[in-house]
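Just so it is clear, A, B, C and D label the chains in written order, and each chain counts residues from 1 on its own.
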Amino acid sequence: MSSILIIEQILNGLQFGVMLFLMAAGLTLIFGVMGLINLAHGSLYMVGAFAAAAVAGLTGSFLLGLIAALIAAAFAGAIIEMVVIRRLYKAAHLDQVLATFALILIFSEGTRWVFGSFPLFLDIPDALSGPVTLPGGIQYPLYRLTLIAIGLLVALGLWALIERTRIGIQIRAGENDREMIGALGVDISKLYTLIFALGAALAGLAGALVGAIQSVQVGMGEPVLILAFVVIVIGGIGSIRGAFVGALLVGLTDTLGGVFLPELFKLFMEAGAAQKSGSALASMSIYMLMGLVLIWRPTGLFGART
Amino acid sequence: MKLNERAINTVVLLGLLALPLYALVVDEPFTITLVTRAVILALAAVGLNIVLGIGGLVSFGHALFFGIGGYAMGILAYHAQTYTTLNLGFFSTGGTKLMPVIWLVAMTVSAIVAYVIGKLTLRTSGVYFIMITLAFAQMFYYFTISWAQYGGEDGLSIYIRNDFPGLNTLVPIQFFAICFVILCSVLFLYARLQASPFGLALNATRQSATRVEAVGLDPMKLKLLAFVISGAVTGLAGALFADLNRFVSPTMFSWQLSGELIVLIIIGGVGRLMGPVIGACVFVALEHFLGGLTSFWHIYLGVILLCIVLFARGGILGLLTGKEGAHV
Amino acid sequence: MKNLILATATAALCATGVLAEDVKVGMITTLSGGGAGLGIDVRDGFMLAIAQSGRDDIEVVIEDDQRKPDIAVQLSDKMIQSERVDVMTGIIWSNLAMAVVPAAVNQDVFYLSPNAGPSPLAGQGCHQNYFNVAWQNDNLHEAAGSYANGAGYANSFILAPNYPAGQDALTGYKRMYDGELAGEVFTQLGQTDYAAEIAQIRASGADSVFFFLPGGMGISFLKQYADSGVDIPVVGPAFSFDQGILQAVGDAALGVVNTSQWNKDIDNPTNAAFVDSFQAEYDRLPSLYASQGFDTANLLLSALSVAHPNDADAFRDALRAADFDSTRGDFAFGPNHHPVQTIYAREVIQEGDVFTNKIIGVALENHSDAYAAMCKM
Amino acid sequence: MSDPILATHGLSKRFGALQATDDVSIDLRAGEIHAIIGPNGAGKSTLIKQICGGLVPDAGTVSLLGRDISGLSTGARAQAGLGRTFQISELAMEDTVLENAVLGALGARASPWSFWTRALGRTDLTERAKSGLDRVGLLDQQDMIVANLSHGQRRQLEVAVSLTLSPKAFIMDEPMAGLGAEGSKTMTSFLDGLREEAPILLVEHDMDAVFALADRISVLVYGRIIATGTADQIRNDAQVREAYLGEEA
């Protein structure tokens, strides 16, 4: 296997990882600050993708589509926070799971009701289509490189937001002590709505960005949701840094596992069988990764120790 | 509303028995099948309720045991119906179509797997436990999807239901009878377990593991045993479910199914004897009637579930008895 | 109360066949969730043919299986035990068909498959009451292999999801394809990112790519493939180039060759009428699945004009004769009740704003399936 | 001088830069109340955790009745005879008072592995539980749900649960915390009588209670024991006054 192929696969893993980070960051923030398990986060990803596809389809502008995705997802997030989620902060995890599970049902079927059962079209903008040649002669799609850049920029922005701004201080205070931010004179319910909308917007952004290279369809959020949960659990719930590291780990494991495990199996198996068992193992690999991490560190890589 | 929980329980069980009998009289066999489905789902959820309700462990991977039970049935019956040998290295068998044997295998394998997984996962708690149990179920899900020998994603079809001595299991009411008797036995076991010293200690573990440790008991061992019992019961339900459908597939391992089992319990009432049973009846009824009304029935189901969480803490039983908690 | 008794009595009468001329058809198909588009098309095609027949003695009971095998089994029990249908149809997915069909046909119900054709039901598990009106699962892949030979491809890279239908697809392709394999990859079921596979394709030195990735997987693959700059020609079965999803793929699919037993430009009066009336009725172009639903209904109607399903032997003979005008032109059943039909190679083109397919040649003529010999009926 | 019931030998624990306990050696003798006092963050909680088994020390051992229990789990130490009460009540809040006490009795029997009999139908368990409740004066409240008890009653119940274990030594973490003046007085007189049953290692902030009860007092500052002695000795110890009471010597 050539080194070019390996580098290309690492880039692929990285791109997958940073997109997972966009999902996981919101999820982990919401859990860290509000203590809420939000299964409906994947629905916000879907909302973003559908909004982008609808607006880009009408206006022909991908950028407008992206903006629409951000607004629609943030708006949807703020609405469900104010109508439903707000009543669940003090509830048991179990009630949160059920309520947000119910939200998934409503969002998925609602979207199907509005947009129909067929996938929507969303294409990457012309300016970003096609491959570029990287140093070393690697041909790599420009759009995917852009995704990596956007993901890293968002990560940087989040870090700055949390470490360097007033809202960041409030968020960190909220993670440590929910009562304290009330004492600091912060309007908690406004802060929570804001954080929820921020998380939702990130999910919507991911949905729109990824929707352009995948298919925009009902149910697209659920597999990503499960992966995002895997990411934040590996990283340690509530930790943005953990989500970042976890996302890259999961992205790389999934991509590289799918490529290299069958190759590895071919060393001691007949090719067809190696292909089958290798890819079977690859599909389980991230769950094994998560299992191992949790057995080793029951609160994830960067989670609070008990 | 304040009704006596024991009275409600009696009414529900009697209703669960009366409906199929009525259906038998008016010759509506499908109603019997539908009630049987509710009974089996209830059984699976009763199993989950042992860890979730008494032990406070939110297992988001209980479909794992449901699936193991299903595949235990599928594999044994597959070998029996194709006259092939199942070779495990240390042991080989021609499979079987006898229900009691299948049940025993389903429960044993589920219990063993539960023991291993419990050993690995019970160190974690809260969301970590939720997710790690999910992870194990997902591993089995993906494994069975690519397990070509037993049908992979297509699953395994068993053309004729397995045998129970003295009964014709293909007759809906007779298969219902089997499932109903099992459910009642397990409910009885659950009630005894809940009131037993073990149940008391497990219940205390949920509320304060520190206290349980301070009186010299080991919460880990309590939880592990509960997990094993729970896995075995859900595994048994899985074998029955596969027999009801005469079919087993990886969807029995899916996370949606794990979620549904939790939903059943919350609808009915967490930690209550009949909570899972009431939840299963309501869920199957909603699925059947709403599904017949509109193809967008998931929206309505979602709204109903939301209302239960927001306005009926303690589930339907909590609403009816006026008591949120499970304590009798 | 009186009405209820009356209704029950009527139902009982129907069930015992006193009003023998009425026919009840049970359709279990996917109408909600991710794969709903296929089921909706099958249903609409089927109902269009029933409506056009003008017969009011056929009652069609339609239920949504949510693409879940256990729900499908439950609905099948309901159809047989409660609705007491004579004929069943509608299932889209092979795994659901495997869960439902064997039990149903063993309870003396006829089953007409409008889409799924898993190999066990074509081979050892074939049944006299089971008729497949679409194709055996391998057929379109075999046609793709045959097309690849004709196009002079000698080094294919092939990929499919790691599940039985995916494994069958690669087997089917290899059965007809004579050249070398530059690579063979199983992806994950439901996978949405194919960057890794595309990188492998780029590095493999292949002269052609064959893929079977139904539904959203295919959309993702094609969009990413088009964007990657790899320009090795692609061949696939019709499932990823169907009318319903082509619009979501867009430009990325243009020029791709795919194999299908049907296309809207097949030149026969039945097909032309079907395409026009479907568009008039539902305001969209018909898909492959709609044509299969339409053909299934017409096969049923042709048999019903000869015998009622209560007369099982006569009805079965009438089905086997396949005396109906298919949208595909010639249509006949092989000994295992699976189609013997011509499979075409199509190319994706753009007509105005709409992406659609155009037939460019024949991939396999009067093709049967590889399992017929194993069927002992 | 009799052999100590409970003793620690050179317990040390470091968290990063913080030396939480530093070479702590204390003992608890039959019939006495030995109080540990010290400013916030002095390492009292860390010390208790190391004695009871929640925290593994970097160095040092714990012995009970001359037997080294350092290697045992929390549960096993409780079995061996350490009866513990908590600063914040650790009880099954949804259960009844009696059920909580029966849990203690179960612990004493070390046998929760019974699945068929009713826990509350086993007289061996309920008798033991009720005698514990009687001892703290909660017998009349046995059917109340713990969540409905007053703060003071929960403290008493904590002690009752410990009593069902017939411990060799009590470890009590701030039993007076949150009790009003009246409650503290009752608790003080109750503990006063309890020392005959088993000696008490008492961590407490309420100085009135400490000086009224303790036979000996140890002062923990920055993880070190800086003085041990009777109430009078401690009151007059210059080092204590300086380090703890903040007075200039």
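Keep in mind that, in the parts below, contacts are C-beta pairs under 8 Å (C-beta built on N, C-alpha and C of every residue); 3 or more make two chains touch, one makes a residue touch a chain.
Only a predicted model underlies this, so the values are computations on that prediction, with no experimental measurement involved.
The set of chains touching chain B and also touching chain C is given as A. Geometrically, the chain at the heart of the complex, using CA-atom means, is B. Ranked by distance of CA centroids from chain B, the top chain is D. If you average the Cα atoms of chain A and of chain D, the two centres end up 48 Å apart. Chain C and chain D have Cα centroids separated by 74 Å. Chain C has its Cα centroid 35 Å from the Cα centroid of chain A.
Once the centre of each chain is set as its mean CA position, chain A and chain B turn out to be 32 Å apart. Counting only residues that touch two or more partner chains, chain C has 32, 36, 162, 167, 186, 188-189. Each of residues 142, 145-146, 148, 296-298 in chain B touches at least two other chains. Chain D has no residue in contact with two or more other chains. Contact between chains, as defined at the top, is found for A-B, A-C, B-C, B-D. If you check the complex, the residues on chain B that touch chain A are 52, 58, 60, 120-121, 123-128, 130-132, 134-136, 138-139, 142-143, 145-148, 255, 259, 262-263, 266, 270, 296-299, 301-306, 308-310, 313.
Residues 52, 73-79, 84, 86, 90-96, 99-100, 102-104, 106-108, 110-120, 122, 125, 145, 161-162, 164-165 of chain D are the ones touching chain B in the complex. The touching residues of chain A, counted against chain C in their complex, run 1-2, 4-5, 8-9, 12-13, 15-16, 108-109, 112, 117-121, 123-124, 129-131, 139, 141, 143-144, 210, 212-220, 223, 255-256, 258-259, 262, 271-272, 275-276, 279-280, 282-283.
Residues 8, 12, 31-32, 36, 63-64, 68-70, 73-74, 77-78, 81-82, 94-95, 98-99, 102-103, 106, 118, 162-165, 167, 186, 188-189 of chain C are the ones that touch chain B when the two sit in their complex. Residues of chain B touching chain C in their complex: 26-31, 33-34, 37, 142, 145-146, 148, 151-155, 157, 159-160, 172, 241, 245-247, 249, 251-252, 291-292, 295-298.
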